[in-house]
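Shared between the two complexes below is chain A, which pairs with chain B and chain C, respectively.
Moving on to the complex of A and B:
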């Protein structure tokens, strides 16, 4: 295997691992918050349905955490094995956030164990809920610290380069780089949003499959409301990300928007195809790119004409941007219609077709975060560390990356199928109606 | 100046604001309770 092949397979393997891991990581960050909200509402309203929601979500959450740990470990392993030159150059700088990510995970895992084993041990549910706070904080801060590493790759700061080595390292400056605020906030709110919409999809699916229990209706209403709030927050922070990109990574913004010429009054291009360098069938929204980039309709936006050809990211990232934005807008509309419709007693929101749309929203949200991550990673190319190290120079020269790719794909296949089978069995063997009945009997019939 | 605020501070304000809003809005479930009552 030549070096080019090693680079190619290293990229494919890393992309495969991240694409798989991001599903479990996103759910792992978002679900603890959803559990916390459900339990809090249950305590506040003295409603056991919400408490049961928290219990059942917590059970499913353990499976996703277990898979997330395996895939997260795989990423750590692959960083060193597939990208040794990058780790040699930047390892000292990113070591602090990487270690802090691990500590955040331990923090989450320890309290998750205590939380799970102390259900029904506290007479006062509020004390039990307190145990969930470190779980939610640990999960979210895992995402914060690992995203700081990714932000550093986009906007490296906090060192001097002398003879190709990074010296005078200041890890805090590296962590709090210009890409950090928009990236971290965007990743965290999208995790909350995706978790809410995935849980909403499950509730809607149960209602469609014949269970008309009020438990599922409350779950659906709660998750769609929370999903709407975080979907709007995602869109707002996405706008801030546009401003960051215009200032610090203009080539990424220009490639994502197919903005070839530097100009003012720049339109935003949605959809379309690229045919021999010409944009066809696109929707052009006047001034929108200038507003997105600088908040001013007449502002000049740097185009791809300002960059050497070998520093321009692949232009297919425009399609990823379209997918991400379209799904985001769709989910905001769907959740808003559901919320308003439930308040105003619209029959439409209880129809089968509308519930199927909500079911579809779960996988769509996951596709949106996949598209977002691909946009972020491919949009940084050709750099692994922007303007310092190219991806092709960072990769291993080992001749066995293709074998590793096959083995890891097998592992992900087993983990993916295994986790779905376990989750299905876990909840099928213990349906909501049965669990409510069992808990009623335990509490002498006065629970609900 | 405005862009600097939007890039560096506003993301965290929106993040924290949306978290607070989620906890404020979550317990308000009168609409779904009414829907359940009407269906029964």
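Moving on to the complex of A and C:
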């Protein structure tokens, strides 16, 4: 296997691992916060249903955490296995947040273990709630630190290269690079949003499948409300991300928007297809790109004509951008209609088709997360470290990457099917009605 | 003490942590599966799961900590080990992934699923073998530089008696460490039947552990004379280690004080592990990579150490809390009530 093939297979393997991992990682970041909120609402309202909600979410969460942890370990090691030259350089500059991430992960792991095994140990539910705070903090901060590493790849800072030697290294400057604020905020907020909509989809699905229990209605209302808040936050931060790109990474924005020539009054191109360098069937929104990039309708936006051909990312990232933004906007609308509709007792939000839309929202949010990551990562090509190291110079020289790719694909298939089967079985065998009944019986028994 | 030495000591300590608690975990999974096979499930499964459930995720972090830390402190290891270890470590990751997730599937999802337990037990036994390859390679002689890139010679690696001795040692030691710990834990939980069975396993695995460990030192004389000579300089550490080993076996034999037996076992491995590590100094990969030429820049080293100290400030109290609640809590250990979600 030549080096070119090793680069290709390394890219495919990294993409496969990350694409699989982020499904579980996103849930892993978002769900602890949801559990915490449910537990807190339950204590505040003195409502058993919310406590039970927290408990059942926690039970499902363990399965996703397990897959998240093992695939996270996989990508952690694969970074060094597949991209040794990159890690050698990056290790010198960006190891600090990588190291901090393991502490956040450690912290979360310890308290998750304690939380899961102390359900009936404390008389006071508030004490139990306290255990969730480090779990949620640990989960979110793993995301914060690891995204800092990724932000560094987009905007490498904190070192100078003189005659091929790294000098003047400043780990803090590397951590707090210009890409960091928008990236970190976007990743964390979309994880909360996705987790909320996935949980909402489950509640809506149970309501559709025969159960009409108060518990599912409460779950649905709570998660849709949280989802709405974070979906709006996502849109706002997405706008900041656009402005960041225009300033620091114009080639990514230009490729994502099919903005070929540098010009003012730049229109935003939504949808469409690219045919021999010509954009067809697109919707053009006048001035929107200038507004997105610089908040001024007449502002000049740098186009692809300013870059040498071999430094332009693949143009298909436009489709990814469309998918991500469309789903984001759609989810804001859906959640807003649901929230207002519930407040005003509109019939529509309790109809079957509306609930099906909510069910669909869960997978859609995950698709948006995937599309967003592909956009961000492919949009950085051909660089692994923007303007410093090209992807092809970072990859391993080992000749076995293709075999490993096959093995890992098999692994993810097994883990994916396994986790879905287990989760389904867990909740099918023990529906909420059954659990409420069991708990009531236990309590009755205590009183005797 | 130089920053390089501090760095490698920190990492070596975490690697030791992983080896010790990982071994308990791997061995427990194997004994669990073995008890299913031999119809002794009712004796062992309960006690094993009570210990493992709250800590399985923590075990994994020790490994992550080690490999992230080594890239941080010694970035050049990414270049040498990253390139050469693609196959063995990938296999390790796959085993780890199957293990970790199938443990969760079995414990929380569908209790008593036999297939999951077997996968879990088997992968746990293969894991120490696949990871111990790293130790073999670090001795040198298996990696060649071709056009400035390191290439691993698999044929040499798999035909070397050193490789197989280290593999056998890792498996034997895993089962030995695990059995000693679980003997103590089962005894504490008043599961005397389990304690007796595990005591028997511990005694069975003690001999292969010490024979292979001694054999490896002997093989190093041929494979890496420089390392062998260094080991001679640290002979008191290996002697203390051996005396502690005798102590553990003696206590197990007379069925007394299993707690002390486990402490002696930990001591035995600490002395052997650190004696081995110290004699390996200054090489990370003989003869290409020393801890000096691969060390990171001072700015990064100092910030990593600062973060490490702050991180420990968080971790030590949390770990203490975890141990108090589960390992040393009488009601929990004896399984007085169901607590899990």
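Heads up, the rule we're going with is that the second predicted complex is superposed on the first by the 444 of 448 C-alpha atoms of A that agree within 3 Å, B and C clash if a C-alpha of one lies under 4 Å from a C-alpha of the other, contacts with A are read in each partner's own complex, and residues count from 1 in each chain.
Here is the rule we go by: a residue touches a chain if its C-beta (ideal position, glycine included) is under 8 Å from a C-beta of that chain, and two chains touch if they have at least 3 such contacts.
Here the structure is a predicted model, which means the values were calculated and not measured.
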item: Which superposed partner A:206 touches (first chain B, second chain C, both, neither); value: neither
item: Which of chain B and chain C A:186 touches, first, second, both or neither; value: first
item: Which partner reaches more residues of chain A (counting touched residues only), chain B or chain C; value: C
item: Partner chain in contact with A:386 - chain B first, chain C second, else both or neither; value: neither
item: Chain B versus chain C as contact partner of A:217, first or second or both or neither; value: first
item: Contacts of A:128 with chain B and chain C, given as first, second, both or neither; value: neither
item: Which superposed partner A:88 touches (first chain B, second chain C, both, neither); value: second
item: First (chain B), second (chain C), both or neither touched by A:225; value: first
item: In the complex with chain A, residue positions of chain B that touch it; value: 2-3, 6-12, 14-15, 17-19, 21-23, 25-27, 29, 31-32, 34-36, 38-39
item: Contacting residues of chain C [partner chain A, same complex]; value: 53-55, 57-58, 60-61, 63-65, 67-69, 71-76, 78-87, 89-91, 93-94, 96-105, 108-110, 149, 151, 296-297, 299-300, 303-304, 307-308, 311, 314-315, 318-319, 321-322, 325-326, 332, 337-341
item: Contacting residues of chain A [partner chain C, same complex]; value: 55, 58-59, 62-63, 65-67, 69-74, 76-78, 80-85, 87-93, 95-96, 98-103, 105-107, 109-121, 134, 166, 169-172, 396-398, 400-401, 403-404, 407-408, 411, 414-415, 418-419, 422-423, 425-426
item: Chain A residues within the chain B interface of the complex; value: 33, 37, 40-41, 44-45, 178, 181-182, 184-186, 188-189, 192, 212, 214, 217-218, 220-222, 225-226, 229-230, 232-233, 236-237, 239-240, 243-244, 247, 294-295, 342-343, 345, 350
